[in-house]
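Some structures to go through are shown next.
Look at the two complexes coming up: chain A is in both, with chain B in one and chain C in the other.
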Partner chain A sequence: MLIMRHELLLIVITVILLVVEIFLPNTRKRKIILPAILLMAAVTVIGFFPGTPGILFGGMYQSTQLSMLLKNILNVGVLIIFIQSVDWLKQDQNKEKISEFYLLMLSTLIGMNYMISSGNFLMFYLGLELATIPIAALAAYERFKEKSAEAGVKLIFISALSSGILLYGLSMIYGTTGTMYFADVAPLITGAPLQVLAFIFFFAGMAFKISLVPFHLWTADVYEGSPVNVASYLSVISKGAAVFIFTIILYTVFTKIAVLWSEVLYVIIILTITVGNLFAMRQQNLKRFLAFSSIAQAGFILLGIISQSQVGMTTVIYFVLVYIFSNLGAFGVVGIISNRTGKETINDYDGLYRTNPKLSLVMMLALFSLAGIPPLAGFFGKFFLFTAGAKQGYYILVLIALINTIISLYYYLLVIKAMFLNNSDQPIAYFKSDNYTRLGLILCVAGIVVIGFTSSVYELIYNLSFGLY
Partner chain B sequence: MFEGIPLHWFLILGTIMFFVGIYGFLTRKNLITILMSIELILNSVNINFVAFNKFLYPDHLEGMFFTVFIIAVAAAETSIAIAIIINIYRRLVDIDVDKMNKMKY
Partner chain C sequence: MSILTLFIIIPLLTIVGILFCKTDMQVKWVSVAGMGLQFINAIALILLFLAERRAGNIAEVLFVQDNLWYETLNIHFHVGVDGVSVAMIGLTSLVVFAGIFASWEIKDLHREFFTFLILLSSGVFGFFISLDLFTMFLFYELAVIPMYLLIGIWGSGPRHYSAMKLTLMLMGGSALIMLGLIGIYLNSAPNGGPLTWDIIKISKETLPMDMQRFLFPLLFVGFGVLGAMFPFHTWSPDGHASAPTAVSMLHAGVLMKLGGYGCYRVAVFLLPQAAHQVGWIFLILATIGVIYGAFGALWQKDLKYINAYSSVSHCGLVLFAILMFNQTAMNGAIMQMISHGIMTALFFALIGMIYGRTHTRYINEMGGLMKVMPFLSVAYVIAGLASLGLPGFSGFVAEMTIFVGAFQNADIFHRVVTIIAASSIVVTAVYILRVVGILLLGKIRNDEYEQLTDAKWYDKISVVSLILGITIIGVAPLWLSDMITGGLGPIVQKLLAAAPMMP
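The block that comes next holds the complex of A and B.
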């Protein structure tokens, strides 16, 4: 039983919250906020205790030290989102459906945990669906806003289409190998034409979930329409989990056609980074801006996958960890300002430093970390990614990525310039954020600063990772 | 019942259904029709799985299991999609995708 510790704990707290929700009268739903955060914090802490790796259900579910680490990373991210979302959940429009937010988010997290631990494509598919369907309901959470409903429609249809495409690929894998277990499929992948086709379908399906470039068009719309905290969840946790399992499947199942998928990735990386950056430059709405920046960051993450080595996988996980903290910091600031003033465009941020210096400092640190400015963790993440890519001889690719880092610095600095240098007749008025938001932002800043300086984090991940050779 | 029908007929049927589904998803304007296109895609996958299982690997039932799970998950997906469609109908009094253009570029 201890092997499935993470999932079981999450299921237990989901059930507890569900029962509490049933017995709470409609006027006192806010009382569920603190218990939910405390339970999630307890689960996160318990998750860090050393566990026993093992296999359950005849190999369908496999728990390794690596998968436990990945689940812990996701738990931390979700805990920060829970803390950041309090201010928004306390608004009057949400007072009757606060617990639904927690229940839906926890069930997606359970799905992601099963997905990361899967040893069989059936388990992987079930985890993936459990992870994506509730998010669509979350995106349409603000029922009375047209944009939110529109985001929900776009997300549910795109995720249904992408899982259909992915399943079509899986059916061909089943046809050529006769099994769905990762361990049994891997030696039977020979690069036969049908398997190559199957891989292309599988790749397209996953590319929708990670929002890589030819499949990215839903991202900006969904992020803009959904509530800020849901958008941050989509950009960080959902994308992170998909990247993790994508890396694991590429490295364990499709090992024999590594030459093929590295060529596919090569093109996709260049497209993703470039298009993501170029589109981010012309955005005025900060949520759309962060959406395109997160598309570009996904391209950087793939740079670690393409290097196919142990170092490559380490850098992928390390970069996602850093990215969680930096992006949640940025989304946290955008969220609190959007809650209090309803302003979301870059021009609205003119002169923010005069009125809200602390928030602008947090935003600056988060954006610098996303751009990769040296003392912060984001720099080390990108540095390791580029080293891993260069080690495998992808010099041109790394050069293109470097040029794109400079381009990305331009648009991140646009926001910082608006906050610190631009003057405005009507800057966003001073407001006092509540303690939850402060705690959430402090955690993000601590992550951004501390992870960069503690090399033990990188070593820990390195010891658990594996590569193709 | 299916004696004499070779495997590739089923696969051709599955492929046609899959691409009809993709075509419908891309061209239809009504949200319910788009949902039906997605069902076509998922059912083409089901045909593939069942045909492969019956013809190539009849001693295991893995393909059949997968099909059962796909049907169940598709039902869950459809229910959420319908709920969201009802919600958007209340906002717009229409379920035409061309009307959902509040967010572009």
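The block that comes next holds the complex of A and C.
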């Protein structure tokens, strides 16, 4: 049973938290915060111990070194989110439902783990649904806020729609091949019209999850309405897991129609990066801003996928890892400021450096990393993505992406300009962050600064990755 | 560990030291100590380099250190220097050292200012010592990005606009460079074998012609943006005018040289065939830049704008000389980079000091400063004379070499552009003398100026060290030009070998 170690551990701590929750009186719910974080930390650490790869349920569930690594990456991200959300959870309006936050988030994480390890489309679908539905509840967590409730409803509708489309695609795959196992489907994909249609449906369903243009319209609204920590979860963990399994399925199942999906990706990449960037420029609310920036980043990630090579897959995973740290850093700062002052627009950040220098520096590092400025990790991620894309001969595509990095630099600089350059009559007053927030931000900064220099991370991922050829 | 690694370690240690400082005075002195050490290190490097060469070491690059970094992508931390990079390192350390003293009177946020300034300089040093395209690019961007904050926070005038314009244009250039470098990497082994980022190894290969034709314009334009190549120079006047003194010095003195150096070291050196084929386009642009910059300087009334346009003209001359593809002209290009680097840093330092006293940069509002601040004025005249190429100063040596080299190309096209470019010397003389006349001579137009003080001790250190640099090169250029010639050997041979392939 150790093969399912990651999932089982998560289920165990979910159950433990559930039991503890039952026995905690309403006034003392806050006591659950520290145990939850410690348990998650323990799970994360245990996850890094070498495990045994293997197959369960006749191939429906498969655990490989790669899938274990991906789960570890997600665990680290979720741990940081747990740490970052303490300050927000301690607020009065949330104090009665603190454990729900952990339970819902852990159950989506379990879903993602199953999704990553799936060897069968049914299992994949099951994991995907488990990973999606609780998030809608999380998005509506602050139910006293109209926007939060709206975000929850939007997310559940969109997920239902995309799941429906995806399922339709999967049914066509089953119809044309007679099986749902990845390994059996792969040789039977011949590029028949129905299979192409099936692929398009599958692609559209996944595009909703990764929020690729033109399936991105829910993203900004949901991010804006949800609590910051949920938005960050959506933008890094949820998206990261979807990207992982998307890459794996493209590389293992749809290998024979690689020519077809690389053409689709080509167009989608240009659309996603450009639209994401152009809309990000116009945003005033930082959550919406980060939403569009994360759409653009998803477009960059696809550059690695389109490379179809081992290097391509490596850079996808590597970039997601870097992106987790960078984006969580940015969301962490936005979150703590939103908690303490309720301010969320770029203009509110005017003169922030004079009052809260450390937060501004973290935000600057995070944004520079997202923009791909050396020597931060984001630079390495972007550079490797572009190398992978160009390796396949997509010079023009890479050039378009590069031009877009300039646009993205412009809007990241707008935030930095507000914090460092602008002066304000009423800057955000100095406040002391609590230790949890600090720890969360320090972890992010450490990741942003260190990952690029330690080439062993990249080599580790490379050795576990695979390409089409 | 090679002595070159110290050039990155010293700035980083200085930054760490600055972070531990308590008072503003400590910050300044730690910066002085760090950059002084860097300066000594640079002199030691020059002496060691000359000693090695005299001892008969004819390796292409010296003081090599090579550590594998990213195994899969074959990225190395690979440093080494030839004569050209040694000269550039000497220039950088001099300008940074002078820049620290020139920013002694910075008003606000000392710690941040010096941190960013030194971070920027570490990027420049790293760029010049890198032999690996990846780390070279990493350091290149590291040198560009602190500029945004330096101009935006401590600048003057429309600083937000200028900072954004400068950053976006330069990063736009670097986007082209990134694609160019990736393209070179992916074609670095035309005869099989592992791909490499190593400049020396790539220079031994001949890249496929169609790729060269695609990559050369990307790289030349990309680096050309930073080298203020016409028509991509527009960030330069705005950026320099808005930047604080030390940043203008560093930017015009050193950072613009990154562009010229990159054009030479990457674009021309690694893609010589394409350089021969399409170089003429850029030669025309460079010539326009030389003339345009000179005439632009003629019209301006703001001291910094005058100097910024003059930089466009002089840096255009660098690209112009590089594109002449012969030993003499290239030698002149490097000399011009060094000469212009020191000279323009001196100009900007002086302008900053004058502005700090008069609070205006419009030449029409000033006059007769020679009577009030003789030290600064004399220094300004010296800088001006060096700029217009008076024998005895570095400018003469550089420009003379460039035009002699350029005239060696015997065809009509090269002759014509050479003559056009050479005529810029006259215009240069006009705008320099015009400024000297209005600004320094004549009678004092504003009575309040009578009270102004002359240079303080820290101003003097900054100015004198730069003037010494100009004079040493002007009076005794041979050691420098020998050093450079040695470094240029491989590239010129490569260009000669590529020449028969011309259409």
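Quick note on the criterion: the second predicted complex is superposed on the first by the 469 of 469 C-alpha atoms of A that agree within 3 Å, B and C clash if a C-alpha of one lies under 4 Å from a C-alpha of the other, contacts with A are read in each partner's own complex, and residues count from 1 in each chain.
Here, a residue touches a chain if its C-beta (ideal position, glycine included) is under 8 Å from a C-beta of that chain, and two chains touch if they have at least 3 such contacts.
Remember, predicted model here, so these are calculated numbers, not experimental data.
Trainee: For A:P214, select first, second, both or neither according to whether it touches chain B, chain C, the two together, or no partner.
Mentor: neither
Trainee: Could you look at A:P53 and tell me whether it touches chain B, chain C, both or neither (first, second, both, neither)?
Mentor: neither
Trainee: Which partner does A:A149 reach: the first (chain B), the second (chain C), both, or neither?
Mentor: A:A149: touches chain B, not chain C.
Trainee: Can A:Y168 be said to touch chain B (first), chain C (second), both, or neither?
Mentor: Touch partner of A:Y168: chain B, not chain C.
Trainee: Thinking of the overlay built on chain A, is A:P187 touched by chain B (first), by chain C (second), by both, or by neither?
Mentor: Neither partner.
Trainee: What is the contact status of A:L409 with respect to chain B (first) and chain C (second): first, second, both, or neither?
Mentor: The answer is second: A:L409 touches chain C but not chain B.
Trainee: Per the contact definition in the header, classify A:A140: touching chain B only (first), chain C only (second), both, or neither.
Mentor: first
Trainee: Of all residues in chain B, which touch chain A in the complex?
Mentor: 14, 18, 21-22, 25, 31, 34-35, 38, 41-42, 44-45, 48-49, 52-53, 56-57, 60, 62-63, 65-66, 69-70, 73, 76-77, 80-81, 83-85, 87-88, 91-92, 100, 102-104
Trainee: For a test of understanding, state which residues of chain C touch chain A in their complex under the given definition.
Mentor: 69-73, 75, 134, 137-139, 141-142, 145, 148-149, 152-153, 159-160, 163-164, 167-168, 171-172, 175-176, 178-179, 182-183, 185-186, 214
Trainee: Which residues of chain A touch chain B in the complex?
Mentor: Residues 121-122, 125-126, 129, 133-134, 136-137, 140, 143-144, 146-147, 149-154, 156-157, 160-161, 163-165, 167-168, 170-172, 174-175, 178-180, 220-221, 224-225 of chain A touch chain B in their complex.
Trainee: Which of the residues in chain A come into contact with chain C in the complex?
Mentor: Against chain C, the touching part of chain A is residues 311, 314, 368, 373-375, 379, 383-384, 386-387, 390-391, 395, 398-399, 402-403, 405-406, 409-410, 413, 416-417, 420-421, 455, 458-459, 462.
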